[in-house]
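Common to both upcoming complexes is chain A, partnered first by chain B, then by chain C.
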Partner chain A sequence: MAVEVADPGAAMVARIAGGTARRRRRRLRNWPLLAGAILLGLVALACLAAPVLANHDPLTQDLLNPAAPPFSPGHLLGTDAPYGRDVLSRLLYAGRIDLLIGFGGTGVTVIVGSFIGLLAGYYGGRIDSVLMRIVDVFFAFPFLVLVLAIVAMLGPSLLNIFIAIWAVSWVSYARIIRGETLVAKKQEYVLAARALGYSDLRVMLRHILPNVFSAALIFSMADAVGNILLGSALGYLGAGVPPPTPEWGSMIADGETFMVTAWWVPTIPGLAIVIVGVALSLLGDGLADLLRPNA
Partner chain B sequence: MGRFGFVGRRLVQMVPVAIGITIIAFFLIHLIPGDPVVVILGSHYTTAGAAHLRAALGLDKPLWTQYLYFMGNLLHGNLGDSIYYEQPVLNVVLDRVEATLWLVVYAALLAALIAVPLAIYAALHRDGVVDQIIRGTFMVTLAMPSFWVGIIFILVLSVSLHLFPVTGFGDNLVDHLWHLFLPALTIALGFTAVLIRSLRNSILTVLRADYVDTARAKGLPWRLIMRRHVLRNALLSTVTIFGVNIAFLIGSTVIVENVFAVGGVGQLLVSAIQQRDYAVVQGITLLFALFVVAINLLVDVIYAVLDPRVSYD
Partner chain C sequence: MTGEPLLSVRDLRTFFVTDRGVLRAVDGVSFDLYAGETFGIVGESGSGKSVTCRSLIGLLPSPPAHTTGTVRFGGRNLVGLPMSEMQKVRGAQISMIFQDPMSSLNPVMSVGDQIAEAMEAHTSLNRAERRKAAIELMRSVGIPLAGRRAGAYPHEFSGGMRQRVLIAIALACRPKILLADEPTTALDVTIQDQILSLLLSLRDEFGMSIILVSHDLGVIAETCTRVAVMYGGQIVEMTDTETLLTHPRHPYTVGLLRSLPGTETGSRYLTPIPGAPPSLIDPPPGCRFYERCSLRTEQCRDWPAELLTVGQNHLARCLRHEHVEEIA
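Entry: the complex of A and B
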């Protein structure tokens, strides 16, 4: 390409004409987004296809073959001790539960928390003070402790885990979206919308929300990781999904006693958690690059 | 008034938060499905005991009266009684507070010791190979569940290599440091990632500031600039980040104390849940939250002392 700087007009034309190539190159530079999405997609697909991929029933015990190491015949990841259940099958089925906790927990709290943040930021004044005080109160509790306490009171079950997470995690989004809304509501497009007489709700949802939502979306990735870690921690402590339902955290707890003789039983579920967590982090970083390239 | 006015104002702001905390803790017991008295007493149920508990909790009175009972007890240091230990909750907790405090401080120090040098290096050699490796490594550690890391540590360092004891708290100062090293490191690892990211960003911001350019233009040696300007601001950020994340640190102790059987408040919380000792669960939840608020106040005061630009609002 022999475009000289001396002819700025031609340079500009070439820049515009070569736009697609530049856009493609920029997207490839955003490899975290791609890598994260692919990794997460693979894991989610594998867990969704558990009934097809798992060659054993996750609950069936084989007491004649406990603690078989990985690559044993018929058990790609070995069997657990002392029950002899196939690790791979349990891993895939457990993944469904953990991914469900991660996405189900985040999905609801994103919506609820963002809406509350919008209300607080948009209306300001007393509503803002009251809502943010409530948010401050929730932030004083370590999330794990509060979720643990709520699940302890309500009883261990998947639904109660959801209820506990929903009741507690919305505050992060409220705080983030409120901050963004405070900035956004001074922008001209908001003033214009209000001058046109649009209702508050419409201004909030159709004008402000699309612009502030990227912050919530980026945070939701980290939040999903947190919820998966939370769910597996509950499982590890015995306060989560009740046995014998496989769950990565409780698999780790079950295997802990046998960690010396059958190291793969507690190690492999942990690796699964790490892989999902890394995938979500990459996705979050990629999204941040995509949505806020100046940051 | 000056700085003391600032502290006073922060204390006043804290009151509604503290009250909110007690309200949430109060409502925890009321989440229990079924008759709370039956559930709380469990296998210790007697008709007389039930009547006593019902009166003590004021369960036949309207909800807000019950809350007043709760607050009244609280202000007298009465957090209820542990069914399992048959002692007041406060006593049961205070017996174990020492181990947890040690663990939290130890973890915070380890995290700072690891994070500050790494963050400075990463900021100074921004986007270099080492920076990328550091950030990549800690992205992975952020996804590692703390109980899993703890188990791996035990497996490798305690059982195989016999470098550290597996469980317990130890008897004297040096023993504490030795026993708590792995638990503290486990907590620190999760926290270091956050710390490095924030520190690196704030150092980069400081390095771009006008006064650093002035200092370099004046010909000041780089070491001096680092010490006087960059390090001081970085430390200020570290203090704030600790304040924001103290809740996370405390939450981590719950898991890690269980993995390493440290015998602190975190382990007490989990065993109380398993034993259906609801008063203890409620009490610990409340105390943790109040502790977090207290630490945040402390952090604000330290920040006001260290940074003369803080606005007193």
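Entry: the complex of A and C
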């Protein structure tokens, strides 16, 4: 009698082999990172190329042609009311300022705040107490009120908005990184690094920071959106970038009145903020995956 | 053993300040380490063997740890050495490997980079040379496909392979001394054996000395030339491995030997040591093993409990060491 020798594993290999290849392709792609980077890259590129792409001066008024709808001749996204300025041109120039506030504000605070948090968490003791009490003082004030107070004191300008953001929002990063550092510094690999004679700075920057930074980075993506909105809010309150310089927030505020008759005037800059927000959060997700190879 | 010792430890004391009092984790430990030997420190949990090891290179946070005594190495005392000087000793001249290979590697750095980093910190090799040396080291510790695996992350390695990586990191700067703190405890027995023989062959290849800390007398017996048995923060017996196994002169050593599974003893059951070790906060005066000792007499309780010379190169902290043979 012939005995049929069947390998029950063979069928299984055949069944899942295609799947693993697919999975590998998918993992390599890291689509949130890619999508976020592409989306943000396009927006940033468009804003940088504003002098080339915009076919009108963002400040030139055309009082005879206000509230022209999108796809009007010469005005792809229409004109605003009541001045008749080209919405596309304003949108692109505004993006330059908003992205600058988003990245300039966040970039500095994430670095400074993380380093302060690292110092506090790693050394602990008196250094930690002093730094964290300062953080507590900042947290005790409502964020917007504090920023508003600083801007009001220094006078409304782009630089002063930066100064206000730098002064206030490093505290979130300091607190996030400090908490993560407290956990990470107890890990055996930190002890092992110290046993290898690495300096405190090397242990902090090469061994602790890469393991804790993803939390700050993900938060920074949300924070960048927050800073863009903050720039807009300040503009709305008259403490932002002085008019008539275009800025997404002030475009929304100005167009608000015409929501019913010219919906595109406030809606289009709003969509721009949404797109940047989505791009940044996708980027945050993607970076988190990239930075944690075993997650 | 003759000649100048490589490392000379005298009256090493490491105490911890705790809420309940001062804990005397290491209480007057002295030993010498000679070039090319493997010195074992054996004892149960809390006997102070790991703390001894860490105190040698000042790894314990202070406070709460306070260390006194002398650790003479290369003409200076490592105890109280300024941090910047100590950092030049650690990793470069005295390296350490730890118990848990799963958590002792940085999870977000490739293993090749982690090996190369040790050289970055202590040598003037350039990036390409460090990378080449790292791959070479991976080969010496027996990691297959070293060139390809250098870019892999720790989670892609098994426990045994990770311990090999840790050994490669520790040896990257060719240290004179390797402190191995329970290097095989987290590994299964077959891997344990491989790692131990790897350590011994690397010891000869690199010309270094090893201090091997273990709770497992079997591991010590297999690898060490000389052994110190620790109990309650003190060395209770110290001699060469052969003598320790055949002619122990401290009742605690006898207890350790009898709790070891073996075929040659003929006994079907392991004999545990009754009782528990003493608290190291305000430890009792006299012999610290008194409560658990089957040979104890009234004298043992208020005896200064010093190490006595009981044979050639054989020390034991027991007043009744001559009677130990009776229970062995």
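Note that in this section the second predicted complex is superposed on the first by the 257 of 295 C-alpha atoms of A that agree within 3 Å, B and C clash if a C-alpha of one lies under 4 Å from a C-alpha of the other, contacts with A are read in each partner's own complex, and residues count from 1 in each chain.
The definition used in the following text is that contacts are C-beta pairs under 8 Å (C-beta built on N, C-alpha and C of every residue); 3 or more make two chains touch, one makes a residue touch a chain.
Computed from a predicted structure; not experimentally measured.
Engineer: Which holds for A:260: it touches chain B only (first), chain C only (second), both, or neither?
Structural biologist: A:260 contacts chain B only, not chain C.
Engineer: Is A:239 in contact with chain B, with chain C, with both, or with neither (first, second, both, neither)?
Structural biologist: So A:239 only meets chain B here.
Engineer: May I ask you to decide whether A:196 touches chain B, chain C, both, or neither, giving the answer as first, second, both or neither?
Structural biologist: A:196 contacts chain C only, not chain B.
Engineer: Check whether A:73 is in contact with chain B, with chain C, with both or with neither, and answer first, second, both or neither.
Structural biologist: A:73 sits against neither chain B nor chain C.
Engineer: Between chain B and chain C, pick out the one touching the greater number of residues of chain A.
Structural biologist: So, of the two partners, B touches more residues of chain A.
Engineer: Quick one: which bits of chain A touch chain B in the complex? Just the residue numbers, please.
Structural biologist: Answer in residue numbers: 133-134, 136-146, 148-150, 152-155, 225, 229, 232-233, 236-239, 249, 252-253, 256, 259-260, 263, 266-267, 270, 273-278, 280-282, 285.
Engineer: If we count contacts the way the header does, which residues on chain A are in touch with chain C in the complex?
Structural biologist: 187-189, 191-199, 202, 206-207, 210-211, 291-294
Engineer: Which stretch or stretches of chain C touch chain A in the complex?
Structural biologist: Residues 57, 59, 86-92, 95-96, 98, 100, 103-109, 117-118, 121-122, 153-155, 166, 169-170.
Engineer: What residues on chain B touch chain A, complex-wise?
Structural biologist: Against chain A, the touching part of chain B is residues 16-17, 20-21, 23-24, 28-29, 31-33, 139-140, 142-148, 151-152, 154-155, 159, 247-248, 250-252, 254-255, 258, 269-270, 273-274, 278, 281-282, 284-285, 288-290, 292-293, 296.
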